[in-house]
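The first chain written gets the first letter, and so on, giving A, B and C; residue counts start at 1 in each chain.
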Amino acid sequence: MGTLHSFIARYPIWAIAILVLIVALAWLIVAPWPPGLEEAMGRKRVFLNAILSGITLGALYFLVASGFTLVFGLMRNVNLAHGSLYLLGGYIGYGVADVTGYWLLAFPVVFILVGALGLLLQHQVFRRMEGEELRQTMVTIGISIVLADLMLWFWGGQSYQLLSPDWLSGPTTLPLVSSIRPNGEAVYLSYPLVRIAILIAAIVIGLAMWFVLNRSRLGMLIRAGVDDRDILAASGVRIQYVFLAVFAFGAGMAGMAGIVGGTFQSLSPGEDTRFLLASLVVVIVGGMGSIPGAALGAVIIGLAEQVGLVYAPTYSVVFTFLIMATVLAFRPQGLLGAKH
Amino acid sequence: MMPSVAERLNAAGSANALELRGVTRLFGALAALTDVTLNVRPGERRAVLGSNGAGKTTLFNCVTGDFPPSSGTIRFFGEDVTNFPPHERIRRGLRRTYQISALFTGLSVLDNVYLACRGVSRGRFSLIRPRAGDTLLQSAEGLIEAVHLQDVRDRLVGELSHGQQRQLEIALALAGAPRFILFDEPAAGLSPKERAELIEILTSMPAHIGFIIIEHDMDVALRVVESVTMLHNGRIFKEGRPEEIESDGEVQELYLGGGHG
Amino acid sequence: MAQVLPVTAPARLMVLEGIPAPVWVIGLLLLLMPALASNFVLFQIFGWSFILGMIALSLMVLAGYGGMVSLIQMTVGALAGYVVAILGTSGVPQISLGWPWWLHIPLAILVATLFGTLVGALAVRTEGIYTIMITLAIAAAFFYFTRQNYGIFNGYTGFNNVVPPALFGVDWRQPVPFYYLTLGCATLSYLAVVWMARTPFGLALQGVRDNPRRMSALGFSVTAHRILAYSFASVIAAVGGILLVWQNAQVVPGTAGIPQVIDILVIAVVGGLKRPIGPFIGALIYALLSVFSSDILLAFGMSGERFKLVVGLGFLAVVFFSPDGVLGLWERWRARPQGSGRDLRPANREARP
């Protein structure tokens, strides 16, 4: 909270502007819209759908990007195979759900398998290239090329869609008013349950990560290492174990995110690139090595994409790019990134 | 617009070369410098002494512009440079040497000095290769002679001895038209003969060039300066002439008595 | 090693000194190649190698001399190709303006260079490791945008029928003329880079790579130097991009798709980032693999489609065993203990021509 106070103290105008924006957004979401507003902006239901889609997409992006940002922040390793791990996890998850019929079972299986792959990579490959950042990145590129082709070979070029389990299927009703019937009765928004479930899960996972990072010894080591590698090395702790844990965790998270993405959307060759890029943009915007940054960046990018898609389809890509370029121009270390 | 040499000499006559006012530098909770105020006149030769961790190198880094002070101002020949990036300060006549030689080990001695000359002149982005009679090249050659390195002019810096590298550091600081130089432990690791050469170079510098020298070797430091500032825990502890400082009881106890590094 | 100048040599020869002897031999061979090779080899293998080599050279300038690994070069090239298609003639007359070649070609290079410079301005103010990420993200944005935008870039379809102008009555897209055209451009780019490396600008750029803090303390603006390096590199990439589009006779979003963008990095690394000839070596290997890999794979009893797998594994092998690429292997082979007391310079990792 200290950073929040110092932010408000140093940039009072920005703080006010952001507050106004948040209040306006809250009103738009919660309050019933007067007819004039509906004429100007279209149906409130469309708007609410866009906002919720953006936030839930942001949840997915957060799940993918959090592992990426930790690995980069701590180990200075730009893992360009991160997207491949995402897709691999998705494919494996599809297989598990298909064979066993249990969607939920896919998660632990994928976390373990893809996490193990991450463990292997960190232990056998990256550990030997300690400090050679560019070389590590090159290796991740090579791995991504190899994995992509292997996955293409094994699973082919078609799209796979994971079906959400029955108990998560279908819509749920949210306590948000989308419109008022002529008789004065409020119509509440209905929204796919599985997306809400994922959003809640992402929040829980995010909080758990924050908790581990800020309250546990492992978390303290990770944060110290993100801030200053040399301090960590000098502390005598076996940093290699920390690296292994972080990389495996990041890989496992990416894999699980693949299951989510396969449920929300679909899995096919090219999705690995797409989610790698999403991770890059989220982390550039949010800041390296920062979990809150990844959350913030993910929500911003998710919203930009979905809202843009609904209201200005040809240019949604441009929005994302403009956000990224603006952050780079004015705050190169990312919104919540530390200045080095 | 850069003032002309005449204007600068004029200004040099009226303003302090270097003026720090209330400079404080915090690193998180650690205060490396607290409320440092000092004035150095043009052409003055001063030593900044203090034990390890007293804040000497942080002081230099602030003056060079590696990072801005957390509070306070820095004026260079009357101009407020507190928020200027390093290269702007260098172009106004400030120079610096480093405690650990910061040279381009893969380039030759001539290339290193040539780069230093280029950095403070025009044509930094020139895509034209210098011809034989190029003035900058000649300046570079002259500088190399001034620090007695003409024999190794074409050797890679990585092949030079430690002492030669330290001499090259000084040559880089003399490039262009320096008005004020910061010497960061120039005597570190030098043999007695090299130390004598260093003293000769420092004392025979043109009178209009002032400098501040950080040194652990009190012999070298006190021999080449006319005033001394002592730092302790980031604050100015004492100022005075070399003989005063040398014979001061408090200084002896705090700095010399405990055995300096 | 980057000597500022050998004092007595006249200006013209100064370009040529420092080009190793093997390169001269290769150069001569290349001049005579049309007498030896088939049209297919001239156009598809050599032509393509020169083009990819140029774009990879652009990356090498930034990475080898500037210490910045940028993935924007292919995008810069594609943009130049797009501008040529949009301002010149193509199979999409509703967008193409039909301007003459002496207008649309220089403009294409200018626009692409401006774009590259802008990307540089965004990318250079962060730590080196961010550069890959930022440039990759921007390249991706460009890809997605060109794919979705129909007003200017004609979306998914792109522009077809983009061919070189028939200057001097020559159809420059015929194998032999195209071969010489690309050879000429590649040679000029190579010489330009060799020249640049020893100018004050090039020298300072290498200084910025090795010790930016020191360069700043010598009066150089590190940021300005890096951005201008992007400009210089972008010119080369732009020319390469235009040639690429002419070779394919089309420009589509996939011209600068992510796989293509990464392939340029692969080419530059495999060839070697330390000398300007490296990218061309890497490009030749890549072109040969692309054309013949399916045959090789079939010979091993594998499906001819697994080209990417071969590339990926080969790339991994290079990065593991010889991070300096093929050139690195060559250097190490040359520097192996001879027993004849040859004077071996201390191993230094500076890039040199």
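The definition used in the following text is that a contact is a pair of C-beta atoms (placed from the backbone, for glycine too) under 8 Å apart; a residue touches a chain by one contact, two chains touch by 3 or more.
Predicted model only: the values in this text are computed from it and were never measured.
The minimal number of chain-to-chain contact steps leading from chain A to chain B is 2. Of all chains, the one whose mean C-alpha position sits at the greatest distance from that of chain A is B. If you average the Cα atoms of chain A and of chain B, the two centres end up 49 Å apart. Between the CA-based centres of chain A and chain C the separation comes to 34 Å, rounded to the whole angstrom. Chain B and chain C, compared by their mean Cα positions, are separated by 42 Å. Residues of chain A in contact with two or more other chains: none. Shared contact sites, meaning residues of chain B that touch two or more other chains, are absent.
Chain A contributes residues 76, 78, 80, 132-135, 137-139, 141-146, 148-150, 152-153, 273, 277, 280-281, 283-284, 288, 313-314, 317-318, 320-321, 324-325, 328-329, 332-333, 340 to its touches with chain C in the complex.
Across the interface of their complex, chain C is touched by residues 64, 66, 85-87, 90-91, 95-96, 98, 102-108, 110-111, 114-116, 118-120, 123-132, 137, 154, 156, 158-159, 172, 175-176 of chain B.
Listing the residues of chain C that touch chain A in their complex gives 69, 122-123, 125-130, 132-134, 136-138, 140-141, 144-145, 148-150, 258-259, 262, 265-266, 269, 303, 306, 308-309, 311-313, 315-316, 319-320, 323. The touching residues of chain C, counted against chain B in their complex, run 1-5, 7-8, 11, 14, 195-196, 198-204, 206-207, 210-211, 213-222, 224-225, 228, 345-346, 348-350.
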